[in-house]
């Protein structure tokens, strides 16, 4: 299957700060691609850059940025805004900040369809009610007339998802959609997204810091560190045989229920993420890496242990001991 | 038998919240008839979703909030009658948000020294050496003492908060979501540090978290809270191996372990969210409970005590 | 870093600071800046125009007033009165307002209800009328003006201090200080007060500008600083009889008052922007 979203060598900078330094990824139809990393690694700005929503002091460059085979890098603001909310939609961590508190759920949802498709108010509201039911909100008619503050966090996120689906998008970008929610609600929301994907053939780019969410939802995973995609792999192989030392470190940090031995320390990554400025050379992880060696300060090779996975490290797959 | 370090006896806390200009003040039951005991050397994990009252309970145990009913005993003495200096020597907090838990206008050194300054009568040379030693112990160079909190990363700030909590050598530390605001790799560093310090200083922790994996990693005893009440309590091993209450089961089932291929669990909890301003009659969990029967809506379940734990459910027997 | 860059961008702050700093300098060193006596009358040299105008005299840079007093000297000594009134009023009202606001915000409950009532009561008092009434009852003097304005202008301090205290009080570092065993006065003075000073600094500039304007208004009405003290408001009042034929007599104190108040407000705006960006960093 061809990729719906193709990003090649994306670079994002804010003044002298390089937030993303050459990230490439592909999201295919019907597939969930997880972008995982810790705060400041550049995963959220990558999503914003794809949507053309970078703040005004941010600059983006890329070798290729294509949606459904067509270049969107050269698209002007008008063309982008026609695409946004229509063929690609985005949901955020805190739905309260992206819902307007002064309007009812119904009128905000209808607005999307009226703006993009020129639908009548009546038809748009019907569609909104249908989608609220689809995201498993009971009594959608009542909810349409409510204001965002009258809903719980989980319900608000469902409304956001329903709103994103108003124009049948092909790509859904979700930035930490469940981070602010309780675990039980998180499971419900993620299940809903997975079901919608199955029914509608959605491509989902899911941005998260939670490896549990990654393991349970992703088909493919890209691990970001200090503005680079350091490893990209199908999900099962990433967890069973992580290649990049950062991925390995990250996995060892997470307490796994059922495999926990108290009084035994968790794995951890010493040190902190370096400050990456213009002209940074070599591997950004080398100061924290247990396997570091002198050539890590030079240009780093991208290696392909299997045809569909790659990682950015000096150490070849056969030299890399099993974790 | 040894005396518990913290004993919470039937503690309740009700807030009155005014809603709107003319609205009747609502009674919000944050904590309702909670009893628990923390034995020396133990780590008591308290888990539950947002709004379950776990943070209110922590504030009551720290003496930051007065309970509406019941009492708290720290090391056998009533918290309400305890002087501030005496209390500070026994129990100290570590809070969730490392950005709001440090005074932005004071240097790290003065922040860590705060409990010593409050005791008074300690020479400045002694304060300096104790602060330096504690900074070093939590993995910070003593030269960091001259910095302001804004110049530190989230993990470093949390280390400063831990140093402040331990500089007095208290016996109990109340950790309220100490790693929730941190990145995964930093979370592991902080959890490891807390575990080392507990062994080294013989501390007992009351560890409040919504992250069950973290609680399973640190706790020896676990209490599950729902809408202000402890609905199940047991030693950690039994609780995680054999949860009795349907809510505990749902919580455990919702945890997304980093194991691919298992899919996303079905919680069976439905869409209704718990509202502390509107606690349902009967069993407070029944509107969301996947196995509720008619009786659950009418009759409040009593606390059933077993060998090691307790549970509040008509349909479950304690372990 | 970014804080220093924002200093450069903040031209208003610089301009305001310069105007206020310059006026303060002139006020403090008035005897050295103005060599002539501001009180010495010379009825033979009434209404001499400024030195650059026709009929001007080099020894009277800004000319003389209706009683032949050196206008430049009066302006410089008048800056003293304005700055003195501004600063003294801000200090008095600041102490009252901040104390009330912090106590209300910190303790909450009944105490806060009482303080909120006091603030509301104060807000319903018409400022100018009360000031006029007090001055006409007690008689006008510098002390009376400062005391009246100081006792009246604390409302904004109290409102801002109260809200800021309520916000800071709920932060975890205050809870940590409480748990550390610190006493209430310690927590208020060391943990809360330093963290609410930024918005209060902005209020202080607003109040200072207001106090200076009110003094000018009272003096203009003849109820402020008593003559022959050279207050700018008084100068404007005295000049109004001559303004049609000698417009500069009213322009000089009028413009000075405008520039000073404008400068103080620029300083306040600049401070607010600076502190806002400073908070983010």
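By letter and in written order, the chains are A, B and C; residue numbering begins at 1 in each of them.
As a convention for this text, a residue touches a chain if its C-beta (ideal position, glycine included) is under 8 Å from a C-beta of that chain, and two chains touch if they have at least 3 such contacts.
The model shown is predicted, which means the values in this text are computed figures rather than measured ones.
Ranked by distance of CA centroids from chain B, the top chain is C. Contact counts per chain pair peak at A-B. Note on chain placement: the centre of chain B and the centre of chain C lie 50 Å apart, centres being C-alpha means. With each centre defined as the average position of its C-alpha atoms, the distance from chain A to chain B rounds to 31 Å.
Centre-to-centre separation between chain A and chain C, using Cα means, comes to 54 Å.
By the touch rule above, chain A contacts chain B in their complex via residues 38-39, 136-138, 152-155, 182-188, 190-191, 194, 209-218, 235-236, 238-240, 249-258, 260, 262-263, 265-270, 272. Residue ranges of chain B in contact with chain A, taken from their complex: 49-50, 153, 155, 183-189, 191-192, 195-196, 199, 210-214, 216-218, 220, 236, 240, 250-267, 269, 271, 273. Residues of chain C that touch chain B in their complex: 171-173, 175-183, 186, 190-191, 194-195, 281.
Within the complex formed with chain C, the residues of chain B that make contact are 59, 62-64, 84-85, 87-89, 91-93, 95-97, 100-106, 111, 114-115, 117-119, 150, 161, 164, 168.
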